[in-house]
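The structure under discussion is supplied below as structure tokens; questions concerning it will follow.
Every chain is named by a letter (A, B, C, D, E and F) in the order it is written, and numbering of its residues begins at 1.
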Amino acid sequence: MYLHTELLINEIAVDEPDPAAANALQEGLGGQFGEMRTMMQYLFQSINFRGDVKSKPYKDLLQGVGTEEISHVELIGTTISRLLDGSPAYQGRKNDPVDKPGARGATPLSIALDHSNIHHYLVGAQGALPVDAAGNPWSGSYVYNSGNLVLDLLYNLMLESTGRLQKCRIYEMTDNKTARSTIAYLIVRDQAHENAFAKALESLGVDWGKVLPIPKTNAERFPEVKKLVDRGLQSVQYTFSADNLSEADKLYRGASPSNDGTELTTDVMPQGFPMSISPERKEEFSPGLDPELLALIQATAEQEIRIADSPGN
Amino acid sequence: MYLHTELLINEIAVDEPDPAAANALQEGLGGQFGEMRTMMQYLFQSINFRGDVKSKPYKDLLQGVGTEEISHVELIGTTISRLLDGSPAYQGRKNDPVDKPGARGATPLSIALDHSNIHHYLVGAQGALPVDAAGNPWSGSYVYNSGNLVLDLLYNLMLESTGRLQKCRIYEMTDNKTARSTIAYLIVRDQAHENAFAKALESLGVDWGKVLPIPKTNAERFPEVKKLVDRGLQSVQYTFSADNLSEADKLYRGASPSNDGTELTTDVMPQGFPMSISPERKEEFSPGLDPELLALIQATAEQEIRIADSPGN
Amino acid sequence: MYLHTELLINEIAVDEPDPAAANALQEGLGGQFGEMRTMMQYLFQSINFRGDVKSKPYKDLLQGVGTEEISHVELIGTTISRLLDGSPAYQGRKNDPVDKPGARGATPLSIALDHSNIHHYLVGAQGALPVDAAGNPWSGSYVYNSGNLVLDLLYNLMLESTGRLQKCRIYEMTDNKTARSTIAYLIVRDQAHENAFAKALESLGVDWGKVLPIPKTNAERFPEVKKLVDRGLQSVQYTFSADNLSEADKLYRGASPSNDGTELTTDVMPQGFPMSISPERKEEFSPGLDPELLALIQATAEQEIRIADSPGN
Amino acid sequence: MYLHTELLINEIAVDEPDPAAANALQEGLGGQFGEMRTMMQYLFQSINFRGDVKSKPYKDLLQGVGTEEISHVELIGTTISRLLDGSPAYQGRKNDPVDKPGARGATPLSIALDHSNIHHYLVGAQGALPVDAAGNPWSGSYVYNSGNLVLDLLYNLMLESTGRLQKCRIYEMTDNKTARSTIAYLIVRDQAHENAFAKALESLGVDWGKVLPIPKTNAERFPEVKKLVDRGLQSVQYTFSADNLSEADKLYRGASPSNDGTELTTDVMPQGFPMSISPERKEEFSPGLDPELLALIQATAEQEIRIADSPGN
Amino acid sequence: MYLHTELLINEIAVDEPDPAAANALQEGLGGQFGEMRTMMQYLFQSINFRGDVKSKPYKDLLQGVGTEEISHVELIGTTISRLLDGSPAYQGRKNDPVDKPGARGATPLSIALDHSNIHHYLVGAQGALPVDAAGNPWSGSYVYNSGNLVLDLLYNLMLESTGRLQKCRIYEMTDNKTARSTIAYLIVRDQAHENAFAKALESLGVDWGKVLPIPKTNAERFPEVKKLVDRGLQSVQYTFSADNLSEADKLYRGASPSNDGTELTTDVMPQGFPMSISPERKEEFSPGLDPELLALIQATAEQEIRIADSPGN
Amino acid sequence: MYLHTELLINEIAVDEPDPAAANALQEGLGGQFGEMRTMMQYLFQSINFRGDVKSKPYKDLLQGVGTEEISHVELIGTTISRLLDGSPAYQGRKNDPVDKPGARGATPLSIALDHSNIHHYLVGAQGALPVDAAGNPWSGSYVYNSGNLVLDLLYNLMLESTGRLQKCRIYEMTDNKTARSTIAYLIVRDQAHENAFAKALESLGVDWGKVLPIPKTNAERFPEVKKLVDRGLQSVQYTFSADNLSEADKLYRGASPSNDGTELTTDVMPQGFPMSISPERKEEFSPGLDPELLALIQATAEQEIRIADSPGN
């Protein structure tokens, strides 16, 4: 069973809307090597896991990383949503009343015609979609779960490294601060997960020599990444274990296979950052409530107060 | 952020392996109206939610149901895995040494050639797959999130009702107890979610009359369902809110729109049932560890004990 | 614009339910070379047609065949629906009360687990689906419309011939009379359409020699086909033109390119055969109306009578 | 059976070519909530319909709306074709001889490289494609036909509302008159179909309160829409019934559920507008006939005249 | 550039037709980890390869394995074709005149209705298809080519190991000699390719310890495999280099990473085995030539002899 | 079996990078009518070929054209790779140090956000992908192999003609010399393959009159094409037969069906042009080797020299 807490796993920096950056980030959300895929792959591997009781640390490692990936889906989805929110009004037309839906035949959504993925405005309402940066819907055929422990770990190591490679490329595509705050965080956490699967394979006898991390990039080149690496975030594994039964720490310990001189450590979860609700966008008819319907919602809210205030509560 | 606890949301009854039932349940896991879809749809709707502060109960309702669906994915995935586990050895060949991978040219996996989805044995290792009962991989194009609140709620009501309809049909396809324990539970919870979205639409002025629940089936016909309905499980909404900030209870209260005379109530989460690890299946090379690799795992476990026993710990 | 008349383009023979035959026929409905594809391909070719006024006969030929294909979709869809209808109760369990949905834990839909496409029972309610015989959904990528007249005609000739080839193979897979009455009709009409596109290419200078029809089968081998060929149905082209403006007859005339000694002729449409409504299937919750909802429908019907009887009508 | 008449269901306004608008309209043609989908969904629901004789009005409603959707496919397909036709020559290069295919190494199709969907020029010949605005081919998996009457009606209501929502968004993306004339018409007709399915659910006891129409937009904001609403086009249901046997009018009567004060009425079909044939586009090799092949077509035309003039005709 | 020689890379043993085995082998041909995928992946990796001149051995290794995979596609495709060929007539009906297409209404293809993939008979003519064992068409999205050398090698190692794992499972599904002769050969060659990519990673510093080969199976359990391993076929790398410029031998040398005590060696290509042409299957209308068309082919053949015999040749 | 030689089938002209042209060429590589499809279609048709010994020329024709298509995949893939290589640094920013990966937060890959297919930079490393120009992955469902000889030849003729039509359109989209050198070559070779299949159908009695070639374009309009046509390259069929056993020359002889006055001739293979290795691209982390890993490769190369120089070699 899973629980949710109203906190984001990392803080999203504030910057202007940027639909092109939003679209690039879609690869990290719904792409073949994005967060929806890692999340689903590890959850299936954990559900179908085989072994005796001594192998529980491997199952717990998969479960822990898989649970973190749900929060990554939440983080990158929210980031995409913020990069899109208000973008039709942004490009040099800041004072235009573009939030009004088509008043007098206006074209407040004309931006959609030549910006990345038209579905961000036409199918969604300036929000994240379960597709990649080229518009392909996420597919269950991405999930790899052979049932063979060595193969599954090897695939996971390759998967995290490819995710990290793609995010490094996305970093180089945009300097939007909103986009980069999330991309930098995921580059570092992907490295933590590389470490996790590399370490699990080390426990089975593989010596990785100098090939890790993949890609072989220095954090110094990416300032936002460097800040997080300096805090050692690439060498912590969260268990997200509400009952603290995870044995993943048996595998995630000792020197980092990334050859950066750090020691691996585990923790339950990070501190988290507050979430918010996106504003109404009239040109999208979202949420699309007119005064009558809003009044009904208000009535529900007021009834709530009355009930809370009533004697006996 | 999400947390995981090592408990299943419902107990899975013990019965013989049954790959045909396992395959039917795949529709409930990876089908167009299955649990992976409801989970992803509600998580996207929550991430992209728009409105003012008074609309938070609607967002929280989506977030709460979405979080429960992750646990449903875990439950139905585990159920499929158990229905498949050991099935090659089961059909009248119980005493055969089928766990040995093809010793002397034997065919321990011959069952795969004419049972439902060959991928259950060939691609997976007698485990659940992210596909539907006809073998189609899950697709991101299933997710509906228009951003229009009325439409999203209407779709969700239809989605839960269709899920419930399909599960009622699956119930009629098999009497395997393992399969039915999970199917019955999901029929009841789908009704709870029907109630949730119907009630949210009621708050916007819709009167459902007598059409709910859909399908209009009497629980008496499905004994396993009746037991759960008698406990009122169709009228409880869990928030799965670790910080208890959910306001979903503002919407999920009052008389059930299912016309069954119950009052709707909310709770944080159910009690849960313990999980276990599936046994090794040699004919699948899963987990595929030979004595040398097993010794390395054993060494890791023993090192753990030494560390735990060492002074200072 | 299109009009509909409540008549089937051919009569469907009565026989027992046969889900395996139904599934084979799905290739003719939703397959890559089935009726949904020919329909869509010709409608797109007609919509996007380019040329001067003298080329109108070619556009009209495409429009006419395309309109006939909508009626073929209706015919083969209805045939599949009849082959599936009641099939769960049919196999040796005729007297079972299988129409009741799972009363007392029964499994009236157990047939679905090992018959062709489980979706016929689980997703649909014993009805036709827009998929092929292997369960693949129909795809817009099937439609070919290059805009080059010679190429489009060449493709269409190949398309009709492949459709005819596949239907000849389906004929050999089943002797169910319901299935064969429709398959035989479509074999003959596919030949008529082969003739249409071959003749159009003849008007551009191609001489087909002895290669037509494809496949080179003698109707004598397929008795149901022979009956229709004896009536000359393979040499008639219907225009389905409500305003009789079609000029397709300029192309569809003279000796048949199928080398069978007939002359090609045109007509507006065939006579047609009455349609009916399929019965309720309770085990599918279809239409799923309980007594209360049925009473509402009854009330609507009676109100209708009152209105019809009221003075002034 | 279906008949075709050489009339468009609405008039298409004349304006300049606009490939970006054409691409946005593709969502309305081949998108998940576009006209190909509504057409196919209702035709399948009608073919597979279950019920007793009193339920015929529901089947007829589905059949009538489904038949109208074929004409909508024709309308929007033709509109897209017109928006694309001649677009390579349009953008500031009006006097260029761009219709000539690659004479002396020229690049008359260079527009294709950076305009929306390159397939409009490369795969099609400046014509409509069976894909959505992001280039995804139409899929049979879109079609929903559960067999449960309440669910099918509920889905259809949501489907029409989503189609209307997306078309309102497209309206706001372009002010091209060709595009808007068709979009405005479809916004109004989608509302008529919303009314149809909402009314059918009313007959089963649902009271929609104030939530319809969805989206809750005032026609005043969209001048082209307002003109059609002023004519009451959102409250008429056409039967397109050639034999006038449709009983859809039993359901489509009384006050509009859209709360606009109108009464619902039925009619057979609208008046219609003449169709035309698109001109040759040499840079696309469409239709690709050289003088020799044109002479053969001319010969066919003349032969026609001779036959018509011959004695006995 | 590529050349073809009319030889199969391995001999296919003779046995009875077996459509179920044929279908299982489809995973090895058109599956996500089958030969079409390895072929395409390595050809793309070779085409897009980046590096300086010293990295040529890595490119040549990819090119050499990729070229071998084309011959594997040929081998497994031919094997599937032979397993299907004549299967409709085989099952206890050996003396039936099943080669005749539906004479007098017979059903010579009835086997298709309940055997694995109906498309083997309905779409193909008892021949191999580019699909997997569950009927999914091969997809370009399978191809992995990140451009990062370490990642590409890591993926390739995982890919070959998964291919080998799946073929071991197929071996256990059938004892048909035709199927096993090819499966056994591919198990051994997949191990050779595992060695190739593992060795290339060794050259970059990775030490695989005891984890290879994957799966950790002993050849002794699979007699047909053991025979090939005894010949050392798992430790030879063919270059298939017509101009002998390949430098792959710089990487493929020294002790095998599979820990089997062998030394790795390279060779240009194996000896090969003669190919043949499949017989006509009348019930499939394949090749579908009637006496007139056969006479035309005969005339072509005789003309050839005359030309060959004519003076001056 | 297949052999490879390190030569390209045609020379690729040198010009500036051009990602838009690269993307258009993707249709010719991974499109529904591109080289991956022709290659796979003919290889499957050859593998599954049916007939007696006299029909060998038809099988050999398919095998020969199919083998040539593998070299076409290599040619067009390499062309796309060259058009992309270095493109991020090209557009007016030639002196920028863009090859450095994200130094100090720079955005060397910003070009990816608004150029054709972002996957060329994000998923691949400025290299060819197995997708079409709209980003759709290649699909096995494209392959047509009915087993009926006339139909397969007819489809192949249409397929080559459509490929040629699309390449003529691509020619008109760009004047980049790199792109045009390959496009022109493929236009001519597609015509050669049109001739091959048209001629094979001629041998079965079809007379093509004046309709070939399709499209009916004059080479004079495309200067790069004219040069090749003047050399008669459209009338040569290569066998690519390493053992010279091909009998394709029995079919490919006599007057060209393209009505251009040439005689058809056969040859084994063209002369070929040297290949090269693409340079490192640091901003893509491709090949991603740091000094330590490069030193290991260098060590491997030097060891090679030592071994080559050692006595006894």
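Brief remarks on what is shown
The rule is simple: a contact is a pair of C-beta atoms (placed from the backbone, for glycine too) under 8 Å apart; a residue touches a chain by one contact, two chains touch by 3 or more.
What you see is a predicted model, and the numbers here were worked out from it, not measured in a lab.
Listed by label, the chains touching chain A and chain E alike are B, F.
Looking at C-D alongside A-D, one finds more C-beta pairs in contact between the chains of C-D.
Centroid distances from chain E, each centroid being the mean of CA atoms, peak for D.
Separating the centre of chain B from that of chain E, both taken as means of CA atoms, is a distance of 39 Å. Each of residues 32, 123, 135-137, 139, 141, 146, 148, 150-151, 165, 204-205, 210-211, 214-215, 284-285, 288-289, 292-293 in chain C touches at least two other chains. If you check each pair of chains against the touch rule, the ones that pass are A-B, A-D, A-E, A-F, B-C, B-D, B-E, C-D, C-E, C-F, D-F, E-F. Considering their complex, residues 32, 136, 139, 141, 146, 148, 150-151, 154-155, 157-158, 161-162, 165, 201, 204-211, 214-215 of chain E touch chain A. Remark: chain D residues 1-9, 30, 36, 40, 43-44, 47-57, 59, 63-64, 67, 70-71, 73-74, 77-78, 81, 123-131, 137-141, 143, 145-151, 203-205, 240-243, 245, 250-251, 269-270, 272, 277-281, 284-289, 292-293, 296-298, 300-301, 304 touch chain C in the complex.
Residues 20-21, 23-24, 27, 31-32, 116, 133-136, 165-166, 168-175, 180, 210-211, 214-217, 221-224 of chain A touch chain F in their complex.
Interface of chain C with chain B (complex): residues 100-110, 112-114, 117-119, 121-123, 135, 137, 283-285, 288-290, 292-293.
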